[in-house]
Amino acid sequence: METVTITLKNAPALYLEADTISPDAFAGRTAAQIAELPVFEGNVPSTLGKYFSISGDAGQTAADTKIIVKGDMKKVKYLGFKMTAGELVIEGSADQYVGAWMKGGKILAKGDVGAFAATAMKGGELIIEGNAGNYLGAAYRGDWRGMSGGKILVKGNAGADIGMYMLGGEIVVNGNADVHVMTHAEGGKTIIKGNAASKVGGQMVEGTIIIFGSIEVMMPGFKPNGEVELEVEGTRAKFAHFIGDMGERHKKKKGVVVYGNLYKKI
Amino acid sequence: MSEYIIKNGHVFDPVQGIKGDKKDVCIKDGKIVDKVGSSAKVIDAAGKTVMAGAVEIHAHVAGPKVNLGRIYRPEDKLFSCTPTKGIERMGGGASIPTTFKTGYEYAKMGYAVAMEAAMPPLFSRHVHEEIRDTPIIDEGAFPVFGNNWFVLEYLKNQEIENTAAYCAWLLKATKGYAIKVVNPGGTEAWGWGLNCLTVNDPVPYFDITPAEIIKGLIEANEYLGLPHSMHIHPNNLGNPGCYETTLDTLKLAEGYKAKNKFGREQVLHLTHAQFHSYGGTNWGDFESKAKEITDYVNANKNITIDTGNVTLDETTTMTADGPFEHHLTGLNHLKWANVDVELETAAGVVPYIYSPSISVCAIQWAIGLELALMMKDPMRCYITTDHPNAGPFTRYPRVIKWLMSAKARETQINAFKHKDKVLSQTSIGTLDKELSLYEIAQMTRAGPARSLGLTAMCGGLKPGMDADVAVYNFNPDKPVANPDDIEKAFSRCAAFFKSGVQVVSNGDIVSNGNKRTLWVDVKVKENQQVMRDIDEKFIKYYSMTKNNYEALGHHFIPNPYALEVDAT
Amino acid sequence: MTKTVTDVICPFCGTLCDDVEVVVSDDGKQLLEVYNACVIGTEKFLHSQAKDRVTRPRMRQDDGTWKEVSYDDAVEYTAQMLAKAKKPMMFGWSSTNCEAQSVGNEIAEISKACCDNTAATCHGTSLIAVQDIGLPSCTLGEVKNRADRVIFWGCNPAHAHPRHMSRYSIFPRGFFTGKGQMSRKLIVVDPRITDTAKMADVHLQVEQGRDYELLDALRVAFKGEWLPDVVAGIPAEKIREAADMMKSGRFGIIFFGMGVTQSLSKNHNIDEAIAVTKDLNEYTKFSIMPMRGHYNVTGSGEVFAWQFGFPYSVDLTRGFARYNPGDTSTVDLLLRGELDAMFTIGSDPGAHFPISAIKPIAKIPSVCVDPHLTPTTGVSKLHVPVAFNGVEVGGNCYRMDNVPIDCRKVVEPPEGMLTDEQFLIKVRDRLKQLKGVA
Amino acid sequence: MANKISLNLISGRTIQQGVAIEGGKEKPLYRTAAGIIEMDKEDLKKLGAWRNTNVRVSSEYGSVIVKAVEATQGPHPGLGFIPMGPWANAVISDNTYSTGMPTFKGVPVTVEVAINEPILLGIELVQKQCGVKVG
């Protein structure tokens, strides 16, 4: 695997849209060619090279390419946009749409990421060592096809609306999550090791939510269904089981109604 | 205006009976002429196909439900908006393109005229604003009448003259083009969450049946002598077994003869026939009844149809058939929008994915093609996708490919997950007919123009007609190496002239044209009773005053073209 | 001598009353009396006649004073600002006509700007919900003619849409509702005992910020499933009663307002309310409608949608339209420091945005087109006064139920004043010169 | 006596605010209509304030002086209501949860008596907070 290191040298006055910072866009290009890839600051078209110093050539394919991003990326959007393979390491924090529409490969963000990370993710792995913003692993506006595969790990806290319209894959938040978890989900799993605010699992058709901490206010559509012992992420514990959202439609599989599952550690 | 001569193209013009002969087409001052001067600009069409501008008889391209589709489907635009090019305004959208993109896409395919298929009268100003912002193509809009309280009340008492006077008033108030009927009576029933599934189901409260509404509106239409006939989306759309309701509907036209000065021969136009040609009793034994429908239509000359071809895309369904959309959202659980319109109509919108892996979708695909292949007279059968219901209009070139190439159909059939089911439930596998370019010109130009009463104006290349001329990169002398070449050729005109202005060159838009709004201005005898009824309904039941109802003024219709009818 | 103009449209709120009568002087220059409008609408018409009205553009000077400039100077400043900016915002559009909105969109396209309307802080979250789940709705005449169940959720028409109840929703006698108010049951959901709630058959005094939970509970109640004893401060029994009342009607309507769009859960509140409506259509007929605020905010959304494909918060900076509130929405863009120019028309963000989002406006080049003095003009570099829409200039507008109504001009604007559309056309033409486009 | 009480603040329309914005936002009537906080009788008592006393309302997002008036659409103990406008917007939450919509309703605030502090006019209040120089 070839490594390309890009370092922010000229910070944008506004924000930079750099959807070309992905192994797919870099693949098969030399450092000089990568410098020519387009980026936008507002309505002004520019090139990666104007903002970043670039060292190292990319591999022949995305899978053979690893990108290390250095410098303050808090005003850079779309890192790892639509990536299908390879690796992206963000040394600090980044703005919105990290790994949005990603299908494969691995992203490691060592700081925080902004809203809309992993929008409609289909596969691959996203690890966020800091905090994640709102709409992590959620669907794009109006789309009923949210995150359908892959894995997201947030070591800090996550914002509101994580896993909205989730269909598959897994989100793990080591810290707390803000309001609305897996709203409208029809599959997939979200684990929150800390506390959840409220509105957890609203309008959920199918899928699994596991909360280790507290839930400020439960949704009335989640009906108590006894207690179970589960092993989650290497922890074995007793959980209160709820099924829901009872207000929502549910499918029948082999004649049995399938509900969403909410487990809360006792 | 400039003069042009389009030289040496293979001309296909059913109006003049020209079947691919090498001919020149001359344009002067916006019209087709016999000859032009030596300074005329020459367009070399050697080895290319030349046809009149195409005519869209039924599409949902402008107005409240189309825009509701745009508003509530941002995902339809995701990654489908591209930077503008040249003189084009920005555009976007896949199944429900923006108005600018709509005009450009039609023009790029060589379309000169498009009819918006369902205008809720109360929203006519909205429809006209969107038409104004759809460049190049001439457009008209069909106000819906089949659930209108005035119509229901007059026809309950068989008052044809009053119905006709009201229709004339509404066409003028809304600047409408034709009498459209959608799920007659059923949409009014939907006001209470109900429906009319046969032509004999009584409409709640109004004490009338769909059959009476349909016959009454045919009579009113012929009483007035409008350019187009009554244009109907029958009851019971989209359900297994619905073909019987369709036949019951068609039979209502028996004995009626067209009366008009526009050259129209039919008294009933059945739209998106594909959705109305289903047999079976459920989705499991769902089957094609295209043969039963085309047998009937082939034998009855006073009917025209359009196909409503399923294109196997993700799209957005939208119709004034409110109860149908509610039924559909129950099937696919996708987002449902509905608008009930006071005293007049309703509309529903639901996204839909016609997946080649689902047998019902594949059978629907086959039925649409069967209809076009089984109709004996291509002048009475027109290609549509009921845009965007069965697929976006931008797929017309693909539909043409399937109709012109048995090989292309076979490739698609083999790609279906449930190929056997498609072959057992339809007869698509037994049809080896391939439509000719002449037949395509009949189905997309001369035919729809005649059905709409526009024969004097468009659909052909006869001197005196509007100079709408499309040149395609398709050489009819050469065998088709790959059916996809047909699709490619019809997707982007080599050149397209609209009313004598070159609007497309090498597939690119080069002019925003001179679009017109077509409407029908009918003079009727003064009718005091109808005027009193209108005043009363506005005071008592409408939420708007009568004086604010009309679509008036340059900001709605900057370039009107009225077809005048004297029914006094 | 005076003359009376009838069928006048009131350009205040989304109710868009079109039965107003206005008495004007014989020369058509003075507006004297207003009939049929509510107290706010009346004030709107009469204030246009204020003697102290600003009638020429003004530039803010370094010392904080205003200097009168010509419309041409104002056009030049505006065009230059838009031509130079990397990410300009063209915000507002809700108190102007569709013709002006259309020209504005052309300008936004040429300058590759962001454009947004006041839905951003009003019913934008409703639009997000509609995009997620749909919207079974109807026109207001349907409510008048058919509705026997009327629910006001998080809205207070007695104050915000004063004639709504008498024209459409509670009092009118329609075709199937001959007994008017007697034929309707009224449910109001609001954390306060509002003047609307005081008229209700049932008032659910919901705990503020827990509408989402209460709506979910209603859906559970429709299905007869288990409920906790109390949800959002309301006992389960009362929720079940309300659910039965909704199900037992023949035609119901939910009107909702800022109580739900601006409270915690925002779009999800509306989403769940729409789901409630959808559920009710399994038992009877039900519709739902946002109580739109500005008289033509709906029209702005319509024009944006047919021209760009999205109803608000549209970003054209890349040369094509994109949309994602949270990224492309005005308040977020301002708070995040993403904008470098602000053009405001037909709205007053200075009065209606959180102060932290107004501060950035004061720091960047800014133009405010508004007939009034407002907090926005108070922080903008250039103030361009224009003729009053719906009073001194007509033009198409859309009511809260999306019904288009063409506004009427009733009096002449003061000598030499431009309309929104006229000013925008000048800006567009100048901008085309600056950008070298045909 | 300087009591301080906590309330949940909401903002919204009133007909008086509607009339005032159409009558001119530079006018004192706008302040009279929207430079107020409607409080429950019980809460006024807790605060130890008479009706029509100037109070300081503070939140995590800012602070503003308004007139405390008795709730007209109550009772609603624990809830404060400032009509929509610059006074409310000085203290409401700008958190949009990435939806574009600030949280205009449901903001924890404190209220304390500030008898001697002036209530600014609408435009003046915004200009001052933005640091706009006024000539």
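To keep things simple, chains are lettered A, B, C and D as they appear, and every chain counts its residues starting from 1.
Please note the rule applied: a contact is a pair of C-beta atoms (placed from the backbone, for glycine too) under 8 Å apart; a residue touches a chain by one contact, two chains touch by 3 or more.
Predicted model, so just to flag it, every value in this text is computed and none were measured.
Enquirer: Quickly list, by label, the chains bordering both chain B and chain D.
Expert: Joint contacts, listed by label: A, C.
Enquirer: If I rank A-D and C-D by number of C-beta contact pairs, which comes first?
Expert: Looking at A-D and C-D side by side, C-D shows more C-beta contacts.
Enquirer: Using the mean of all protein Cα atoms as the middle point, what chain has its own Cα mean nearest that point?
Expert: Of all chains shown, the one whose C-alpha centroid lies nearest the global centroid is C.
Enquirer: Return the chain whose centre of C-alpha atoms lies at maximal distance from the corresponding centre of chain D.
Expert: The most distant chain relative to chain D turns out to be B.
Enquirer: Could you tell me the distance, in whole angstrom, between the mean C-alpha positions of chain A and chain D?
Expert: So the centroids are 39 Å from each other.
Enquirer: How many angstrom between the C-alpha centroids of chain D and chain C?
Expert: 22
Enquirer: Calculate how many whole Å lie between the centre of chain A and the centre of chain B, each centre taken as the average of the chain's C-alpha atoms.
Expert: 44
Enquirer: As a quick test, compute the distance in whole Å between the mean CA positions of chain A and chain C.
Expert: So the centre of chain A lies 34 Å away from the centre of chain C.
Enquirer: So which stretches of chain C touch two or more other chains?
Expert: As it turns out, chain C has residues touching two or more other chains at 128, 131-132, 264, 316, 318-319, 323-327.
Enquirer: Two or more other chains touching the same residue: where does that happen in chain B?
Expert: In chain B, 72-74, 76, 335 touch at least two other chains.
Enquirer: If you look at chain D, which of its residues touch at least two other chains?
Expert: As it turns out, chain D has residues touching two or more other chains at 97-98.
Enquirer: Quick one: do these chains touch in a line, a ring, a star, all-to-all (complete), or other?
Expert: Looks like something else, not a line, ring, star or complete graph.
Enquirer: Could you list each pair of chains that touch one another?
Expert: A-B, A-C, A-D, B-C, C-D
Enquirer: Which bits of chain B are touching chain A when the two form their complex?
Expert: Touching chain A: residues 72-76, 78, 333-335 of chain B.
Enquirer: Can you tell me which positions in chain D touch chain A when the two form their complex?
Expert: Those in contact with chain A are residues 97-98.
Enquirer: Given the complex with chain B, which residues does chain C contribute to the contact?
Expert: Per the stated touch rule, the residues are 6-7, 9, 18-19, 98-99, 102, 106, 109, 127, 130-142, 144-146, 167-168, 174-176, 250-251, 278, 281, 284-285, 287, 301-303, 305-311, 316, 318-324, 395-396, 398, 401-406, 438.
Enquirer: Would you mind writing out the residues of chain B in touch with chain C in their complex?
Expert: Residues 62, 64, 66-68, 70-74, 76-77, 81-84, 87, 89-90, 92-93, 96-100, 122-123, 125-126, 129-130, 133, 149, 190-193, 205, 326, 329, 335-343, 346, 349-350, 540-545, 547-548, 552-553, 555-556.
Enquirer: In their complex, what parts of chain D are in touch with chain C?
Expert: 8, 10, 12-15, 18-19, 21-26, 61-62, 71, 73-76, 79, 81, 84-86, 89-90, 92-94, 96-106, 122-127, 129-135
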